[in-house]
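Here the chain labels run A, B, C and D in written order, and each chain numbers its own residues starting at 1.
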Amino acid sequence: MAENRTFAREVLVRFGDCDPAGIVFYPRYFEMFNNLVEDWCASGLGTSFRELHEVQGLGIPTVSIQTDFVAPSRLGDVLRAELSVLETGGASITVAIRLLGENGAERVLATLVLVLMDLKAMRATRIPDALRARIAAFEPAEQSDQER
Amino acid sequence: MAENRTFAREVLVRFGDCDPAGIVFYPRYFEMFNNLVEDWCASGLGTSFRELHEVQGLGIPTVSIQTDFVAPSRLGDVLRAELSVLETGGASITVAIRLLGENGAERVLATLVLVLMDLKAMRATRIPDALRARIAAFEPAEQSDQER
Amino acid sequence: MAENRTFAREVLVRFGDCDPAGIVFYPRYFEMFNNLVEDWCASGLGTSFRELHEVQGLGIPTVSIQTDFVAPSRLGDVLRAELSVLETGGASITVAIRLLGENGAERVLATLVLVLMDLKAMRATRIPDALRARIAAFEPAEQSDQER
Amino acid sequence: MAENRTFAREVLVRFGDCDPAGIVFYPRYFEMFNNLVEDWCASGLGTSFRELHEVQGLGIPTVSIQTDFVAPSRLGDVLRAELSVLETGGASITVAIRLLGENGAERVLATLVLVLMDLKAMRATRIPDALRARIAAFEPAEQSDQER
């Protein structure tokens, strides 16, 4: 049940992700986060970044992010990247992202606040109800039950 | 006086830093942070990353980072990147980084915890006294006075 | 038959790959090339980059590359990336890479010369026979027939 | 005299540019090329990428590029990046880029064909005469003399 409420993808640690110490160069983790959010929009919420940007004129920039690098990842590691929704506000979505190594060992933990933006006006805009309902499917079960 | 305690560099926002919305793709800010830490080591602390990694067998990975993206930056902006030391522990250094736009307007604010690592043993190692003294020069005046 | 001699993968054009003009920032294509070569080693030749670098002490740097950017690619495009072997020398492998858009339209065409390197000696080293046989499976049918 | 006809900048090889073998990850060289072209436009030709894209609605995408990686570069190397113009066509500019290490030793050599594009029409557009004259200042002395 909780499984269904988490969006997950596998991420291969590639040669170009790694630094001279042989571990992931940390700015690359943020590209992995952005890719995960991109995949979540397309596959989890049903709206690709292309549709969002080019058709709807909307963006979802990250306004803040807290990240703990728990353990290093190395070339060839296959990480499990998980996203779940912690909170949905008027225009903002707070998501938790976890990157896990073998046996589910924590590698990177992050909390991101995303905001839905009208790209022309360049200001925050209220999350439409249809999108809000789809986001709620990735909130913990109890929380989204209360909201209904 | 406080000026001397902040390490600063100019950063040009380049074409390759920007996304289809015309603003900096946020993972790029973390490369700017890493470049600033690299320049601080070389010019502020007197030990380049090459010297640190290849001669001394040491690294200073980032173990946690809190970032607020206050306002977007655009192609061609020249940002002022500032680093100051908030706290120095046994093996860790907590630094504040600020990226500022025109007239000193805040664009990105971050707090990073760096840890000195022995790259062979792959574990934290105590900051040597000589290095510690040089780091103290970037702490707020009162704090480093107390420590002396 | 020819199909089996080409190594192919799908590549999604992501938000972080695109520039302010909304098309792929061209240095990103070279990361796609490197990812394809990495996947080809692991899945096509049976030796991952991690195995190659960390166990065998070998690398396969690119020594030259000719690239034509035939048509732009946009956010959300799914490209077909194809690799085939043009020629195998003593230490070198010449490969052709094609990135194709919808209906097989050419987007990017490249010819890369890779060289097998002994990473400790930092010099070219002869491709071992076992690896050479596996590479030959990606050469055009006639050519590899002649070589046998 | 020939000196004046070459546009040059220093490029520091940073931690994030290097791969697990401790040398520059080759896609990073193409970012260095793009940065050099960007600096050449702004400082050499008098038109920044921002001005070009946002005010004039023009871009100068790279349509083909031939690159030879002559020798590796390592963390902390300071490269000299040089650009000169080989040929100017109706809409195209062919430039040579050289990255040099200590004592002028060749590291990377490239020939790029750039095309001036009208970004709205998404097609090549003739280089205006004023820009053409400024470009000619970076052609070899004899050649640009003939053209006058």
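Annotations for the structure displayed:
Just so it is clear, a contact is a pair of C-beta atoms (placed from the backbone, for glycine too) under 8 Å apart; a residue touches a chain by one contact, two chains touch by 3 or more.
Since we're looking at a predicted model, the values are computed, not measured.
Set side by side, the interfaces A-D and C-D show unequal numbers of C-beta pairs in contact, with more at C-D. Put simply, the chain farthest from chain D by mean CA position is A. Interface repeat of B-C: among A-C, A-D or A-B, over half of the contact pairs recur, by residue number, only in A-D. Note on chain placement: the centre of chain B and the centre of chain D lie 30 Å apart, centres being C-alpha means.
Inter-chain spacing, taken between the CA centroids of chain A and chain D, is 36 Å. Note on chain placement: the centre of chain C and the centre of chain D lie 25 Å apart, centres being C-alpha means.
Each of residues 15-16, 20, 22, 25, 27, 31, 34, 53, 75 in chain A touches at least two other chains. Across the complex, chain C meets chain A through its residues 14-16, 22, 31, 34-35, 38, 48-51, 53-54, 74-76. For chain B in complex with chain A, the touching residues are 20-21, 23, 25-28, 30-31, 33-34, 53, 59, 61-69, 72, 119, 122. By the touch criterion given at the top, residues 15-16, 18-20, 22, 25, 27, 75 of chain A touch chain D in their complex.
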